[in-house]
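Both complexes below contain chain A, partnered by chain B and then by chain C.
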Partner chain A sequence: MGGGRRTVTDPQTVTIVAHATPAGRAALALVRLSGPDSAAIAARIFARARGAPLVDGRPMLGTLLDRGGAPIDQAVLTLHRAPHTVTGEDVAEITLHGSPVIVRETLAACVLAGARPAAPGEFTLRALRAGKIDLAQAEAVRDLVEAATVEQARIAARQLGGEVSAAIAPLAEGIFELLADVEAGLDFSDGEEALALAGAEVAGRAERLAAQIDALAGASEPARRVREGARVVLLGPTNSGKSSIFNKLIGYGRVIVTPEPGTTRDLIEEQLVLEGLPIVLVDAAGVGEPGGQAEAEGMRRALAAAESAHLVLEVYDLSRPERPVGPPGAHRLRVGTHADLPPAGPPAQGTVAVSPLTGEGMTALRAVIAEQLHAPGARPLESVALATERHLAAALEARDALVAAAGQARAGEGAELLAIDLRRAVHALREILGEVGPEALLERIFARFCIGK
Partner chain B sequence: MGGGRRTVTDPQTVTIVAHATPAGRAALALVRLSGPDSAAIAARIFARARGAPLVDGRPMLGTLLDRGGAPIDQAVLTLHRAPHTVTGEDVAEITLHGSPVIVRETLAACVLAGARPAAPGEFTLRALRAGKIDLAQAEAVRDLVEAATVEQARIAARQLGGEVSAAIAPLAEGIFELLADVEAGLDFSDGEEALALAGAEVAGRAERLAAQIDALAGASEPARRVREGARVVLLGPTNSGKSSIFNKLIGYGRVIVTPEPGTTRDLIEEQLVLEGLPIVLVDAAGVGEPGGQAEAEGMRRALAAAESAHLVLEVYDLSRPERPVGPPGAHRLRVGTHADLPPAGPPAQGTVAVSPLTGEGMTALRAVIAEQLHAPGARPLESVALATERHLAAALEARDALVAAAGQARAGEGAELLAIDLRRAVHALREILGEVGPEALLERIFARFCIGK
Partner chain C sequence: MEAAAAASRLGVDVVLLTLDPASLVRLSCNPAIGGIGKGHLVREIDALGGVMGLAADAAGTHFRLLNRSRGPAVQGPRAQQDYDRYPGVVQRLIESEGRIELKAGEAIGLRVDGGRVVAVESADGQVFPAAAVVLTSGTFLRGLLFQGESVVPGGRACEAPAEALSAALSALGLRLDRFKTGTPPRLIRRSLDPSRFEEQPGDERPVPFSFLNLGDAPFRPALPQLSTWLAYSNERVHALVRAGLGRSPLYSGKIRARGPRYCPSFEDKVVRFADRDRHLLHLEPMGIDHPWIYVNGLSTSLPPEIQAEIVASIEGLEGAEVARWGYAVEYDYAPPTQLLPTLEARAVPGLFLAGQICGTTGYEEAAGLGLVAGANAASAVLGRAPWVPDRLQSYLGVMVDDLTTAGVLEPYRMFTSRAELRLSLSADSADRRLTPVGEALGLVPASRAARAGARWERIERAREALDGAFGGRGARRELPADRIRRGDPHEEVFAQHLPAELRLPGPDAETLAGLLRYRGYLEREQREAGRLADAERVRIPGDFAYGGLSGLSNELRERLDEVRPASLGQASRIPGMTPAALGLLAAAIGQRVRAPS
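Coming up: the complex of A and B.
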């Protein structure tokens, strides 16, 4: 801490400026200032029409001045006074014409008048530090902007609306109350490690809280999948036609397809969206008798990828006698290729028959994949509280700590040990909202923001 | 007219919507509505925080709703009521997070709620029709956004500030008064074509007005050059090194340079900026004995390009005995190449000696070019009233009409004929401000706007 990141040490004293809208030519652009000198800097670069004074909270028409004081645009300035602003600081918003040269000149004029160019995410970081939003909401701002699908944007919008805090804060409070009760035992036994509550009661409360976290994680699973995407792996014998299905699914020829077996050795990944669900489609090496060390490594990777996939497409050739082994499972889907050729026998149970060559069955395959992955379609998502990997990991750490505390309570351990686990659980949940946590966490999160946010 | 362009027939009844900021990801984006239903449409897609009612003129925080009514972003809405708005109509401005999917969804929601996607330049056209700006200001909006240099932006900002109207309106008024006086003669002589004023007085007044237009055109020449750019043509014998100078000036290898003579046959154009002045640099075929029909055509084009250039660089090879013919002129600059080789003799008078190979003399050449072209540097521009070709052409038409009127007055022609020329002069000046003129003119001008303006 301390000095490594300027934004951490000077939020209240330095005024920052940034272009808030994308680079390029358009009707309008937005430049924002935040900090104590926002109004003074704005007054230096903006002359109100007919010399009227600047007033707060209302858009004002006027002339934007360049570094030399010459008019460079007609613009609208809106001043917002602390503390009821997006950053909690004085904020000036300038709406100007969407010209790259005018934006550049305006930023330069602001810097000459005393502003500092904002670091990535610095506006949002200031909002966080001012208590305007919590960390989950700050992350939602980033997710909103980066959303690739409208479903992802909807999840981020709900997180920005405070749903994460609404779900997490009561859980943290519940654990904190249990911790207080346990520590009360500590207090009045004066370090003697006697429990004020019966061990079974502590264990029961901790287990109920752990179960609530599990339930929340489960309710957030569809949203998490929409946000993080699902991994779908194509698995099958060499030359069964996996790459052709892959290409047909992604809609263009990303992978080299040849009639020679063993062409695909590395994992090839492409992204696509099926009914609102982003999918990472993985084409892996064929599985069978390896022709050499490289092929053996390819097969090892293919099997490992299938192991961690949300869905495995077990591809086999309908025109050849081999059939997939093992029963169809919840995360397995049998796909028979070469449906345009004479079949070598009846298809295996539950097979989706396709021909990438003629297109036969491909629409059905997309639909079955979407169904198997619970693509959101129009269904509302139950919870978005643990939709991000960071939130889920923190919640599961809290859950594990609660389970550990329950185990210790049932084993008759004293308050001291229980309190350590319960504190760990509270801490983990509060990290989600950014109430605790090292600067390093913030730095890691805000480094992914773009300038102007 | 009439129906060919929807914007012409429905400005007061249809509400339009457009994304006003550039496409792309950033902190923020702006979507604008204009028209009678702006507030109603905004109310359909925007839920104010804590259900508070929408109020005018103040930015309001709330939730943006998608087509299904689900929250998709937290946004700021500002309603502006007619007539004191940018278009003269009700306007709603929505500042949302800069996410392409959210912008797209918001536009779709607005259209579903009754808005029509705006045509290019339609916001500005509505401002023009409402009398909020004149045509020269509307053009300045376009020029501001398209400005390639800060100097061009400054000119557009001055035009947007009303300088064109301030210069043109009094001239139009002066001509109109003269016309009224001339027509008074028509009135009271009851068609007898007698002049109420002496012919010499009419001629004198018309000539003074014509001189004022000429003076304005001259005062606008530097601004016009900054706006339109200057054409600089490289002219010289084949293989004198023109293309090497061209490449060095533009700073990268745009043109194929070979030691064989006659490589450059077509005109090659590139843009560069010297001290704030945009320049179109033209590399032309070598002039000399043509080797064939194609080369002869190339030379013809080279000479024609030199004829219309603002500056001709007469390139010759210092290491060979040829020297440029003719005296150096105001629009001619002698450039001697191969300054790194032993000279064949003393350079011609006024030669700038350069070697594109070693870079010798290139900085001096740039400075001399800028000086010859009166690059603006830090000097203020006297007038921007006739900085565009359209404005200049209209003004010169008015000037010609005034000169014609003066000639006829001195020749003793009657009021009827004089009035025709004076009306033509008034009309031409009013076209600059868009006070008169066919729809076709507007369509041509606004077709160059981008959506959202």
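Coming up: the complex of A and C.
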């Protein structure tokens, strides 16, 4: 959390400063202040033309002053007043020219005027604290900053826009309501009406909620793949030309290619981006009769890698007579190499014919891989709600707990037993957004029921 | 009362100072004790040697085990009480302690010397030296009684309030706030005809509160048993309430303090549940020869003339005479986050609070807190280690932790949903959970602890016998536990599978059946307990400076500073705590532990 490096002071009284654009030379740079003294500090280092006073909410052109009060740059200052700002505090944004020297001098001037250099993530933390964003959004900020592809950035931006919470909150709400109903039946059985729900109703509601989580997980799968990347494994007989395809796809001679069988023995991984989808491409040993122990181990690893891959490219040599038989399996794509040589027979069903040597068919292969993996360029992303592994794991735990509760309800088990699983489900989903205590549960119970005794 | 009993049990001399000794332990509202959650508390008090369970068994006139059709963890014993006899029974139990001296007088101040309480001053000029003080002011602190437009100072009907003490407490640094509660009208019993209502008799086999009454022989109540009756409000009644809202102090703005949602005024019910065309009312006799009926569910502070119309509009009550009108009471309480988990006020060492002054409602909550406060006050006097009941082990622990960690927004009442480990805290296991604790503290005599130990040994032996006989492989027969879970009567299952020398008395057999029914779940809860206990083990230094923790909201920082949680687990239960803030706190503690600066 970086708490150790922070100065020990009260954040409500301390204004922080940092440059919001990357270090280095650029056309423009942004320096941002957040905290109660933002405007006062800005006023110390910034002067409007003809001594005009500073106003809120409007970009103002003026002169930036160094620690000695001498002009160092022409800049634009905008003052935003709490609470309607990114951090919920007063914020000052200074757009200046992107020279590292000027940026450094400006930061130094701000510190001299009373600001403290911000710790990593501190602006986000303040936004989180002020309730401007929730935990899922705070995570999205980090993702956005770290995004390697445009599509990853788009997902993070959508998550930051609150799509995670918007999708999870109603689900958590639904489970919470079910739990409140079940609990009310337990704690107020002596009340003025039969509050206890029938087992079949509890089961029905739990199953509907579980199905909704499943649907959300499914709809988020393409986005999750964009975020986490997809694994594509090249699999085929020894010396069928897998490594040549590998090199061609990644764009350079990463793997040693020889005419001798069994050249590749270890798993070799490289990253590439296809239509916005980050892919880990894996070249593996050829499968067939092993020539030795090392080769046998290589084959074992190749098959294991294929087992866990999102897509397997089944590579074979069109110029040799052997053909894969039968229709291609799910998550499998047939690739015939040496399309530049005379074929030894018709290609197997569903084959993409390529020649890494001439480049023939490689564009088509890229397109088919992207299509098979539902690359975002190929299809719009339906949902980004469960695109992050942590969120998915929590949602699936909630799903499992709901299924367990439904099973118990159908078996006629006591409500106090269902409540255990429903509590687990609520807890798992709330972990994505934030916590919930028992008070909140009672709050819900009382909002819904007239309880007299 | 429990505070005095617990302290005297530990060997400390106790002065019980009260406004009117004749009204001590008066059941000022509902003449009943127990319920779901509340009954659990009474069992725990009893397991710790308290008096409430024995007294309620002796003065009970109508016993019902609530949630009887449900699992044992959510079953709560409840009993109507004889209003006239209950106080006498309690006092006789207390007198046997011998160390309690009853004094009449109004406490108006506390003497503090060297930062500790040293004496209590009364209005008539007496000074009672005390090494520790337990304050249980109920609804009396600056109490105001509301009835329509009328506002009268008072602690309860016809009883004077305690006016001076609040100022003294404030001067000592205790922050006070206001809560309200209410009570329904009482009717003249002979003015109504029971045959007009549906009768609700007590249980055929009454279940007592005290473990001392859960013996081999079935429990037989000492008093003759009474029925209660069911009545309903109707649209005409609701219209009267709506028309009178302007004259209800709750709605005219006279009372601004929060009241309990789960014991709402009848006005609240009508307003909040406008779609309801009737509400259930229980007509409860206040004792064997008491002339009044308590109308449970009709708590109101409307003016008497409207109350009269309401009563007359209820089917069956047309000719009923009102003995006493319902009213609302507003009183001072001290937000309990100012207390240590021993119930000692942080600001006033030596001063312990219990009951409604801690922001709770109900006799059972008050008694439980009294026991904790009394035991800790005595321990402080004797120089012994304080006792904090564990929330993973008891509802008492849940209550003390909820109050001192999270505080209250409305009068606090116990519910089973407040406990993380509900199945492990069933009412019938209170003796296993707490009697050894009580013995170690000196609250429970060795003979009683041995009795509880023997009971659980019996249960354990029978369980092993059932496991041993039917856990074998190849047996196509169903396990006894599975049969019980499926709903077979446990008497039948045990009779079939237990050798005669391991047969259990009725209450023990019930307990074992519950354990078998929850098999698997109890183990799961214990694993959860381990996980929760881990967070409790991460201690936060008592002098931790929250002001120095960057990244917390001011609000959260203030709460942390007031509550001063002892562990990360306790901190996580503070309202408004976020995972981010908890992470910050964990990191800061880790750092402090690692870097000895």
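Keep this in mind: the second predicted complex is superposed on the first by the 380 of 453 C-alpha atoms of A that agree within 3 Å, B and C clash if a C-alpha of one lies under 4 Å from a C-alpha of the other, contacts with A are read in each partner's own complex, and residues count from 1 in each chain.
In this text, contacts are C-beta pairs under 8 Å (C-beta built on N, C-alpha and C of every residue); 3 or more make two chains touch, one makes a residue touch a chain.
Being a predicted model, the structure only gives us computed values, none of them experimental.
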**OP:** Name the contact category of A:Thr95: first (chain B only), second (chain C only), both, or neither.
**Re:** first
**OP:** Could you tell me if A:Thr63 is touching chain B, chain C, both of them or neither one (first, second, both, neither)?
**Re:** first
**OP:** For A:Ala419, select first, second, both or neither according to whether it touches chain B, chain C, the two together, or no partner.
**Re:** second
Original post:
Is A:Phe123 touching the first partner chain B, the second partner chain C, both, or neither of them?
Top reply: first
**OP:** Would you mind listing the overlap between the chain B footprint and the chain C footprint on chain A?
**Re:** 450, 452-453
**OP:** In the complex, go through chain A and note every residue touching chain C.
**Re:** 1, 3-4, 6-12, 14, 119, 122, 125-126, 128-130, 135, 138, 183, 186-193, 414-417, 419-420, 431, 434-435, 437-439, 441-442, 445-446, 450-453
Original post:
Contact residues on chain C for chain A in the complex?
Top reply: 35-37, 66-67, 70-71, 73-74, 78, 261-264, 269, 272-273, 276, 279-280, 282, 296-297, 402, 406, 409, 415-418, 422-423, 518, 521, 524-525, 547-554, 557, 572-573, 575, 577-581, 583-584, 587-588, 591
Subject >> chain B residues touching chain A - in the complex, by the definition given at the top >> reply: 18-30, 32, 57-59, 63-64, 66, 68, 70-74, 78, 80, 95, 97-99, 101-102, 104-105, 123, 141, 144-150, 152-154, 157-158, 160-161, 378, 380, 450, 452-453
